[in-house]
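The chains carry the letters A, B and C, assigned in the order they are written, with residues numbered from 1 in each.
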Amino acid sequence: MSIKSISLDIFFFCKEDEKMIEQVKNAKPLIHCITNKVTMNDCANALLAIGGSPIMADDEAEVEDITSICQGLLINIGTLNQATIPSMMKAGKKANALQHPVLLDPVGIGASQLRYQTTQQLLKEVHFDVIRGNISEMKVLMNIQSQSRGVDANASDSITDENLDENIIWLQQLSSKTGAIIAVSGAIDVIVDSQNAYIVRNGCQEMSMITGTGCMLSAIMSAFMVVHRQRLLEACTYVSALMGYCGELAKNKMLVEKLGVGSLRVYLMDYLSLMNDGILKEGMKIEKRC
Amino acid sequence: MSIKSISLDIFFFCKEDEKMIEQVKNAKPLIHCITNKVTMNDCANALLAIGGSPIMADDEAEVEDITSICQGLLINIGTLNQATIPSMMKAGKKANALQHPVLLDPVGIGASQLRYQTTQQLLKEVHFDVIRGNISEMKVLMNIQSQSRGVDANASDSITDENLDENIIWLQQLSSKTGAIIAVSGAIDVIVDSQNAYIVRNGCQEMSMITGTGCMLSAIMSAFMVVHRQRLLEACTYVSALMGYCGELAKNKMLVEKLGVGSLRVYLMDYLSLMNDGILKEGMKIEKRC
Amino acid sequence: MSIKSISLDIFFFCKEDEKMIEQVKNAKPLIHCITNKVTMNDCANALLAIGGSPIMADDEAEVEDITSICQGLLINIGTLNQATIPSMMKAGKKANALQHPVLLDPVGIGASQLRYQTTQQLLKEVHFDVIRGNISEMKVLMNIQSQSRGVDANASDSITDENLDENIIWLQQLSSKTGAIIAVSGAIDVIVDSQNAYIVRNGCQEMSMITGTGCMLSAIMSAFMVVHRQRLLEACTYVSALMGYCGELAKNKMLVEKLGVGSLRVYLMDYLSLMNDGILKEGMKIEKRC
């Protein structure tokens, strides 16, 4: 194998005049979120924090109206409910018809038949531009044996520097199969399309000690997808670095102040709202695999 | 037009011996909240913070029981769901029969036919004492052309000193038409009945960077409506100043500590619980239009 | 009556080599939560904070799958919904079949017929290892006259040193009748089985000024029940002290920093994550009645 990594600074990663965060704040994209009940407040606040605008709506009778006034759609299957499955289908098809970018977050796909079959049906009837989740969820999607444990990734599935190259191979196959960018979050984030792969080394273990960091990442990614449609792979990568770096900063502040995860959650939201392209440039750890 | 504003200090605004916040804390009114899934935790905590007591219940089979043990009812149509529409009707009629004050928050009424038609049906079958929302929602209610954008007010609809008088005219017509006090939140809050109008200049732009400030205001207003039924218009005005002033204090603390919107949200709740009639007296900016 | 209290320090209360919190963190038990919409985010974060792992799922079509991959089950009837009643029954029976510990939190059982009858049905069809709630909820369960007010305990029901012994008697009868440990939270916590009784004097009034402290306690207790099945009564007692002591520490920090209930809520979560057996040993106030 001749795969190697090239670290990228922001000047190489972004086009010279590109300020991805600033452009999102200026565009204030309105995102239709069909998302789980546990973290929907976090997702709404995270979207607002980075300059987007959320609308949560999951009733079958209104999702087409709602999608029509939005610019992007997020479908997250956490706390999946039979009543909202038709809503997901309708909203997804409507978003496809309107050419809005659509993101799927297959939360806990391995945890129940309902989640697995719903995801299969969604993938059949709706085109997703991006699928974002943890490595165990991706393995289930690819029908690779996984010991997925609830909604968290299984430790034995973790992407490490040792198994990175072999993971990229099947993740790119998953991208080819689904036609979607695959964004995997974990200690090492991997974002691939069928041809290219980026690695993000931001984030910290403490982020898994609060609920919703994955869901919030999906929500924020949906906003960036609207504004950076011509550079989807780079935008998804950039957002992964953004979320991870905010997590690092929040963790550091938590430790300095000798506080716990309640404060970590607050500081994470603080840094999401304070983040800009200049600050992220200093902290992002993005590599291109080639 | 001969409309002019008179600034009021608390001694003119309240009766001499009236301590609206203290009276709410003493009465601890129990409010039945049928509200949206995004901000229901915020609404419960906001009600507790100002000394009220929340009970969230939206199943058709129990809403009449729940309303019967409460003193006031809040209906908020965010994340509207077909299953809870009959619940709203039943609870509303029961509250009317029991002569409990009822508040309607028509969140995103312009965003879907489902929300629009449900609101029309609610207005037909239930008497609301107060309708609280943003200016775009009020325009939809009044069938005035609006470019409502999701659940947020449209910038072009904003109430300014220039268009204040003309806005008050149709808002008072909306009050006559519905029989409800109309409480509009924005850079300038306007609270009217068919005859009178109050203006509140508290609050700050940053409050729109966190989800739920409007929903929380509605929840708190519902508690004040129970305790101050003989002075509903003044109570709604006072609560608007209370919420806005807490937002100002929270913003200032956020800026002093160089934090972001996660902390803004925490501090807002802090100040709601720390606020009393004496502190609000120093910060409230209420005017009477006459 | 010859009942008297014996204060216990941790060496008497726990077995010599027992570190209940550390053991939970090591085991990281996965808890299936069927819980209310108001506080589900708080419950998920509280479970993560003490080292457990939550999965929220309430659709009838998936609850058996979900329970099967978990180690414990929590059923909380706040915001009870007709659609999830069959889910509660199915999950409860499945958990019983798999011999997973099951906790019932009968939130607001006195507030509606729906909640009362559902709880009766649950008690008939599912075996609960622990029932946790406030004293008014327990009185309704025992068919004792109570003026339960919404979801909060009625002041006239409060357990005091004066009525402690007589309350313990009927609470032990309730334990015999249901076959469950009864864990009552309030100014004085009482945790009984049919034979034994523990008292916990931790906690503070301010905890009732934020929503979800009871729900979070139930969620955390569910995790401890998985890991300490051989010592359920002691584990439930220990968790009550843990939650109460975290509340005391959070209150103290709130007062020192002159902040309000928004910060109280954040600090409570902070201390849940920072708590360990050594710290709790210093602060716990547990007594055995004998």
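Assume a residue touches a chain if its C-beta (ideal position, glycine included) is under 8 Å from a C-beta of that chain, and two chains touch if they have at least 3 such contacts.
Just so we're clear, the structure is a prediction, and the values are computed from it rather than from any experiment.
> Drawing the touching chains as a network, do you get a line, a ring, a star, a complete graph or other?
Contact pattern: complete, every chain touching every other.
> Determine whether chain A and chain B, two copies of the same sequence, contact each other through the same residue numbers or different ones, counting it as same when over half of the numbers at the interface appear on both sides.
Result for this pair: different.
> Rounded to the nearest 5 degrees, how far is chain B rotated relative to chain C when their C-alpha atoms are superposed?
120
> Can you give the whole-Å distance between the Cα centres of chain A and chain B?
A distance of 34 Å separates the two centres.
> Check each residue of chain A and list the ones that touch at least two other chains.
Within chain A, residues 37, 41, 83, 265-266 contact more than one other chain.
> What part of chain B is in contact with chain A in the complex they form?
Residue positions touching the partner: 36-39, 41-42, 78-83, 108, 111-115, 149-152, 208-212, 259-263, 265-266.
> Provide the residue numbers of chain A that touch chain B in the complex, in ascending order.
Per the touch definition, chain A meets chain B at residues 30, 37, 40-41, 44-45, 48-49, 53-62, 65-66, 69-70, 83, 265-274.
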